[in-house]
């Protein structure tokens, strides 16, 4: 019930500040006997890693994760898994200026008033650096689910004003944007270069899809699968909106259009996004996330300091001009953690996860 | 951790099927000494009650709630509060036809595969009738919060294709739609009448606003206030999307636009929707919900039965052509439960809820 | 996480005061498809029922339980089960005297200081009457476990100074004491009759045994099976001590004596009480509970009132001179709930509960 | 809800195996602004440390703890606190023999059947080495409580057959046994020396006392303070019994004797052990733990191997002949964690912890 824990049977608990000693996680409830090594986690960590293109923060963090427990002779033992990433590039600098200022749209103001005492270096606990541990833990969930035939993948579906239609999964890993259409990458690069010159930032939309999910995951009425997904995805830094399936598009749909008709061969559409009545339907789970523009820009902004006095804030440092660019692996991780948690919950109450129901579906 | 529970310190657990004996809830963690009577709950139940206009289901349920425990001499005792609403209008009818059919876009298919055995009468547990207990429990949370100066109100911001700009809170309770602009009500009625003639249904968007929320509610990193709100709101039947503040609009915003600048007099805008870094900022909390069109329409649809054979389904009975019309009190309830839960969590860890921070804000 | 909830996957949440309208429970997480009717619950409720012999309280409560949801066509649906028992014999009487007094060794004093406002009628929420719902919920768990070959039974192993050696399960249900040795019943009756004449009360020890429990239940390191059992059993009113297996006797045992050696035919002893390293070993789970003497006696006692003034208290009314006499079904219920909860947790993480391990054991 | 987590608002989650890389914990929910440094934790770790006398295991572990997060400029920030102790003395040895054998009374057999795959080196996760993190986390709770006037101390009240009456707190830290009577220490040493010559082990009883606890901690009906204490204390390795106050002695007490009468100056006795109706009464909380003899002895014992074949087991290595000797700091830690958790829960629901009630009590 700790606010730094997520999941009820597959539980991820994390710690760590942006400029602290290390980030860490305890992953509990992982089924035993699963082959697991650090490289399994590293792959996704590298996909999220800062400094990997000119469009993301230039902070250099190798983000090498160590598994400290819960794995023996290359396989999980079912006991809690300790994970650790040491911070190496906490550039020492003078924080005397920002420590008393509240950067607009940052958590400075709210952390200050909630806790009274805060680690202001790089945002402390509120930094998106925290999400590295989500990605590490999510990789464990992904691996278990993959062995059951569940594949979780995401892509950028919008960068600022530029909407990107899905073309091919293959394309996604071929560029720094997780863009699913190679013909649009140049446009995105041009946009980002201009944005940097403008000293500004922009939002993004990420789409995450889980395929091969069996029927039956989700616990009505409050822990519906979509509700827990919304919880997990909305808990990612900078996320301001969540859609499942048709999402806000469902508002103007009619029932005769929205309802996904079924035939013996499967569903004829997937406006539901793979969830009916809070329970997975066997169709692909489709979620979309809206990420706000980062507030760390060098364009001056009005704010106040801890004494209530007006100040002008310029946020220097190494920041992502679009936090959405590195968000795809994080969104995948939260979906994986949520799905595995519900997989175990379903198995707990209902004995086994149904895998023999018709799942032939069109998206 | 029950899937039928919500909240960690202020906890609501519910039971009840659409056509069962009764609906009930246990509300735990309510602070003691608060005046409480059944009428406090009835007010919001009446706002949600079926059969109150020609635009909602014609099922007639008085929805009289009884308080069975936890209140003594008119005040809460701090012990668990038992609530009960008996079902009275479970019209007896022949279910032999639908019991083996999966109505498209309903939970029939997923409940069948998850549990094996299901109460098919009126959707059983998956029926929106379940939300009555959310409203009853939410009224308790609302009352506590109101005494602290927190006001939670919602309205319909879109009905199908018709967007409705906010005009005035006073208007909301004056019509069957929770429409905040009296000049638009006739248009909505015309639309609904046509929809009924079309034998179709439509989606809606609801906006919920909490004003007077102090700074400091929300538990990073996973139980951020917005994440728990998304959880609670997405757990409402038919909801397919959640936005906080700018929501999906933030995708195309620039950082210089999105960031809510501050002056000693307060914030200059509220794109954040009252949450920064997962913690309430003192600004109004603003959330929007997308509700899908109900799938219970009399236009025939293709589906399968429990044997996998194709069937044509026509859903008769007493159904809401737009479930969004009655959703406003439910959304308010889930926001109230979430806020009170975080109020108590904040007080638990940090001693008291900060109420003396500058909350002067513009929306 | 509500203090009125127990269990993580099989979750029991209760409400109700001694002299309130009704007692109730929500049982969540029950596997679907299990035959269940009110009579299944009534059997154990009748075993616990007040007024069934001259040695227990003369309050007359039929304690008829109703199932309000979660069961359809005679079988569980996997959704939350609502249970209700209405209070019928809340004798109206004058509480003006006791409402301001703290009865010694009662919860009056602590409820008053914790909550500020309390239902003083018959102890309110702190009354052992609350345990009726544990018994009702426990009967559901018992039934599921019985179908898996797990049998849970208890008996009185000590009444005041009288130690009672186990003789036969058959004997237990043949007398009002749950005494496992028919030859000792007359002695117990004589003791109780004298106790009543002395206007005093006495403690008791109950032993509960679960046979047929497979290897593998329990979640190290904090939710060990014995730790959760201790939690559940200690939460019963009046319990002051818990032992598993050798219990406090293990203090003076040597390792060569305590360790339960094993042969291919099974364990050679059961000092462990069926739990090794917090996980069930396949041997019978053996727990003992110490119950204090009830404090409701007519012998005057010194106390204070809410103003801090000294008072002399005489507790009249209908009270059990030995609360332990009716405690056996309650202890069985808490053990059943705990075991089923861990059964589901084991199945969730580890796929299935191992039932093919050697369980041949001697007690 | 992870089995490796304890506490609902003050939550401790741990990982680590006896011969793994490291032990770690995440402590969440600690109130912010509390001065905290590694030395605060080290003190209790040193009290528990192996190899500190000839009567405990000769494994040499410095058990230096590092704080990795949650503390900034010497004070807690309210965010999750990461703790780490690296294992340094995992003596490499040949485990080929024991890996297929189940040591009697060890968790080998149950871990094997529960998880299928286990770290058999030194007991892996089931080793008492795990308790180091409880002590580290407990030191944080102790420090917070101490600042509120709550003092938590324990002592050995029985070693094998030798009962030890309490004499003075001062004496406890002056000997290797946490013996509260200096005149008995020589007797204990003689006993232990003989035990070692006998190649055997023995049990012990520990008493833990919390003084200065205000009225009002504990959440009926399931999360009673004594129930949560029983949970926490029974979760310590080797514990087989728990008593609160009079404990099993209450069985043969009469009500007129057991009930703790009150006067305006306070309680006249403390048979309740500081808990009435599951809520702290302001009296000292008194709990006793029964610890079994360690099963790691060099006297041969009968067992089976993973193939079900009979084997003779001799457990060599560095083991404690009486695990109770080092258990006092662990028991204190679990009591501290439980009390702080309930302190925060009380504050959450009821606004503040009552400290102005009469607490003058005699033990």
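Think of it as A, B, C and D in the order they're written, each chain with its own count starting at 1.
FYI, a residue touches a chain if its C-beta (ideal position, glycine included) is under 8 Å from a C-beta of that chain, and two chains touch if they have at least 3 such contacts.
Keep in mind it's a predicted model, so treat the numbers as computed, not measured.
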(request) Enter the minimum step count from subunit A to subunit C; a value of 1 means the two chains touch. (result) 1
(message) So, comparing C-alpha centroids, which chain is the farthest one from subunit A?
(response) C
(message) Need the CA-centroid distance for the pair subunit C / subunit D, whole Å please.
(response) 26
(message) Centroid from C-alpha atoms only, then distance subunit B to subunit C, rounded to Å. What do you get?
(response) 38
(request) Mind checking the centre-to-centre distance between subunit B and subunit D? Centres are C-alpha means, answer in whole Å. (result) 45
(request) Would you please write down the residue numbers of subunit B that are in contact with two or more other chains? (result) 1, 3-5, 8-9, 14, 29, 32, 78-79, 114-116, 125, 220, 345, 350
(request) Using the touch rule from the top, collect the residues of subunit B that touch subunit A in their complex. (result) 1, 3-6, 8, 14, 102, 104-107, 109-111, 113-116, 125-126, 130, 158, 160-161, 195, 198, 200-205, 215-216, 218-224, 226-235, 237, 239-264, 268, 271-273, 276-282, 290-297, 299, 301-304, 308-310, 324, 345-346, 350, 354, 357-358
(request) Quick one: which bits of subunit B touch subunit C in the complex? Just the residue numbers, please. (result) 1-5, 8-9, 11, 13-17, 20-24, 26, 28-29, 32-33, 66, 68-70, 72-73, 75-82, 84, 114-119, 124-125
(request) Note which residues of subunit D are touching subunit B in the complex, please. (result) 1, 8-9, 29-32, 78-79, 220, 344-345, 347-352
